[in-house]
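Below you'll find a set of structures to go through.
One chain, subunit A, appears in both complexes that follow, with subunit B as partner in the first and subunit C in the second.
Moving on, here comes the complex of A and B:
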């Protein structure tokens, strides 16, 4: 089972260029291109152009001319630390959202449709409220004399009140609550698509609950876990409000740093470089997604009989 | 999902020993009601090792519910299920050590054919080498060796069901349960797989309980058939017995699509019952305890009716329809002599078809005619 075999590759010759030109000469294709034109113009103007100009800004020296100075800056000292903190908090948040999201989605997917719908509304509705309001809500709950700490103190929990705000714990709690709807929705969709009778089939041949979970359920949910995890991670990388309000100075994330550089220091070049770094990290995340997917595919296609 | 479950397979090594002991499965007075409606009503049966038993019935007859209770997917209200000497009535499905083949195949989509079949062996801690040998053998037997690396979705329905079959028998469970396994396949494939299932079952001496609503399938496959109706077993017998000596009108109708001819008992003797049909003729049937003059229905299957010279038969009528069905011809005859009677259906060899509108006389062997008291409604 451990023998790796190369995935079967289609070796049929593809007359690439010929096919392209034939496709272009087709009426339907030309019509399609015409339809896409407004969107293409829109994206070029409002998306590609700004990113391109930011890229140019990040490569421009203070006295003009080309420089990589802003990038070496981004990867040095305090900036590097902020970058690493961002990556760490994003990873922690993704992991926590995945775990909670998995449990929640698994529970909801077993409920009757009416109840499932109700729970999903409860999960998603907070998302419609302004992130600022939501964050202040958390601050009220988690403060030193907030609801949570008061309850814990009244119950004489040793060590209470706890420091639940203005540290990494606070940031992770806050961002996780923001990310949870994404993971729950993604995982719920995958879980709903799993034929529950597969578990019955596994049980019929002698698999216990834990084995069924490990060998059948989790592998079937795995693609959803990868998707949800990467999405969470990417969203977290550039997240701003919650970390800024619920974290301390040690939890400054890249987005806050960019904000400081632009708003307080009028330092557009450095901020641009950081923005490009975030963009590249996002691409790296998406690339990781593809790599994991093809690795999963290869793993599944691994040789068996030999 | 909490609860760590420790695998215990007391029944794994059992089949060889079981074959000697004779009894593979015993069901006693099984009962199940759903919201006040009785789905299975006091079903009891003994199944010998190596036997192919079919639960035959239409939907709602309780056949699937009975199977699900044996598998452990549904808990009986009362009664007991004993597999190889162990009472498993209250055991979870995974602890019963049985095999199950589902109508929808239910192969694991994330595993290859090979992994699907190896899965139950892995659960039982079978060594890698042994897994390789047994999975290889099993796939070979089912003609699937070349498909081992494929995924279920790359296979046709028939191939998928073959894999499911392999997966259910690779660990040699004492009893394999099959819930309409060929229900989703087309006719030709079904016939082919029937032959294959029968061959494998006989080759390996498997004990199989098979559920179907298709009487032809039941007749082809089974050593014994339990004909079920309204949650009860109407008759549990060999196909031949069911076909030739149906105990209830339902069995006669369901298996043989019998003609029911109303009449009165005219004479009783040790070797026959004479029935005066409403159409006027006299029909000799197998002996049946019924008082003289009692209203009865004589049942005779279409294939057991013969054409005979005028005056020799129990019924004269005119041919209404003639339909060719391959080597057979189906004929319906309207009996003369009574205003409101059902058409009589016959099946004759294709060469012997009478002409439309012809006047024919019908006869039947005494041994092929059953008599049922009219009070019992066959539905």
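Moving on, here comes the complex of A and C:
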């Protein structure tokens, strides 16, 4: 989550060097650096080093030596299909959980604190239950003879029972429910911070409800939407259990593929390459976040300038 | 300048820390659990034997039927760890396995053998092995079969109007036996290509080497009726119980609780794929003598029978059947009757072809 925090405002760049050395001469700064050292060492040891060795592993041929074979393999045939499926499911999930999360958070942010807390508990608590048990719950709910389909059949809805499990729809329903707390919590925090008087002011100037929503509310929530959407997307990329349990044969995600390669095929190099690809996709997501943020800022600045 | 130097010194110290810690990190990341047992444990550790098994109810039965009885008889304490193949191999290759004895599938022992990670067994030291009549497929250079388990067909007895699917050909015949199916997927275990071949008319004794083209062609016929390729052992029971599917393959034993509760489910033993769990000794094991003692103990007919009464895995020692109740015996994969109608998975063939099959399976499911 820390990575998603707004970029620190850069310290005045003009007398940078002087400032830096002055800052370093302060006791407090030195003390701070000393305090940071254990964390830096910790991260180097347990985060940077393993990732670096994974990178090396992904570039190592079966008989040693450098090769890009594992990467070309990752972008071929079924593997490419799985990669694209992962991207597609992640995109669908983040879109859906944004929409639902937006509606839910907007509703909750208007509730009294007690009720808001209660709704949050309802959203978050299912995630304390083991994924396996939760999935059986989904089967009871969404199965061919599940609650939803039974209700639809009793109502004589044409086409019922529908297949809501073991296809992409099932996976997206499952992953969305897993991702929902993140979007709701993020959006809720943003929405709580919005000054309601702005909407009142817009209304007093004669703006209609739709205009207020479109021109005032959404732009104010936009940073939260971008954050939540990309967080969702990134979390989904590495998601594993729900797609495996609620998907059909075509909904394999990259994480399952990695698991198969390591646990079943002893194929550490190929798995490493896939891991690195996932990592790069995550970085790409974060980069997109920065680009969108700065684009948004520029847009806003232009608004004030004109 | 002075400040800069302090900074650099700090940095250098950090680098020093990294180099010193790299060794530790390698061990940590390699063994996963991070707790390698010291081999030089002294006299005290020789009284404790560490066994790896897969845990769960399987492990519970092991504890009751084998470990506790062994401790009672010999005074040697038993500790259990539940770690996966990749972790075991990493620990053994580090030279300090956390465990002495491995209780694992025969397939894994074949991989251990190829990685030179297990001791060769000295069968002279196993007196219960002599004349026990254990099947040849269960006796290898580094492991001795402890019990059988099997993948069998299971179906809802209320689904086909009193008819029973009696073979994999019936399972494949969605006209005579209509309804959705499930089959074990790649994530759970090796794909059940053998069932596809049996359904296509290949006789039991001519299965191996598997004809991949024929198997996948046979699978094509049923692909459209398969709702889910299951990936965890508990799923077939849920799918059958919730009427999501009317027939599936299942790891035998997984439905026992449901059947006892009165669910209309049944196993079909015809064409069962048997695999076996075996015992072996890790290279670098701290307690060789005690390890042999435990393996020998586990092969005693009464211990084998006690185990089968607790957990529906079949004894590898035929004499155990003399000590088993008839109801238990009828529900086991190595009963004389089931031995005839099922087959042993050829672990050597699979070990050689795992990669090819996995790749082909993934392509087939995504086609």
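By our rule, the second predicted complex is superposed on the first by the 280 of 306 C-alpha atoms of A that agree within 3 Å, B and C clash if a C-alpha of one lies under 4 Å from a C-alpha of the other, contacts with A are read in each partner's own complex, and residues count from 1 in each chain.
Just so we're on the same page, a contact is a pair of C-beta atoms (placed from the backbone, for glycine too) under 8 Å apart; a residue touches a chain by one contact, two chains touch by 3 or more.
Being a predicted model, the structure only gives us computed values, none of them experimental.
Subunit B and subunit C, once both complexes are superposed via subunit A, fit side by side.
Looking at the shared chain after the overlay, A:286 reaches neither subunit B nor subunit C. Of the two partner chains placed by the overlay, only subunit C lies in contact with A:249; subunit B stays clear of it. Touch criterion not met for A:122: it reaches neither subunit B nor subunit C.
Look at A:99: by the touch rule set out above, it reaches neither subunit B nor subunit C.
In the superposed model, the angle subtended at the C-alpha centre of subunit A by the C-alpha centres of subunit B and subunit C comes to 150 degrees, rounded to the nearest 10. A count of residues in subunit A touched by subunit B and by subunit C gives the higher number to C. In the superposition on chain A, A:111 contacts neither subunit B nor subunit C. In the superposition on chain A, A:209 contacts subunit B only, with no contact to subunit C. Between subunit B and subunit C, the shortest distance over C-alpha atoms in the superposed arrangement works out to 37 Å. Comparing the two complexes, no residue of subunit A contacts subunit B in one case and subunit C in the other. Per the touch definition, subunit B reaches subunit A in the complex via residues 1-7, 9, 71, 73, 92-95, 97-100, 102, 104, 106, 108-110, 112, 114-115, 118-120, 123-124, 128, 132, 135-136, 148-149, 151, 167-168, 171.
Across the complex, subunit A is touched by residues 3-4, 6-7, 10, 13-14, 17-18, 21-22, 24-25, 29, 84-86, 111, 180, 185-187, 226-229, 231-232, 234-235, 238-239, 242-244, 354-355, 358-359, 362-363, 365-366 of subunit C. The touching residues of subunit A, when paired with subunit C in their complex, are 21, 24-25, 30, 33-34, 37, 40-41, 44-46, 49-50, 53, 77-79, 81-82, 132, 136, 139-140, 143-146, 165-166, 244-245, 248-250, 252, 256-257, 259-260, 262-267.
Only residues 1, 5, 106, 195, 197-198, 200-213, 215-217, 219-220, 300-301, 303-305 of subunit A touch subunit B when the two sit together in their complex.
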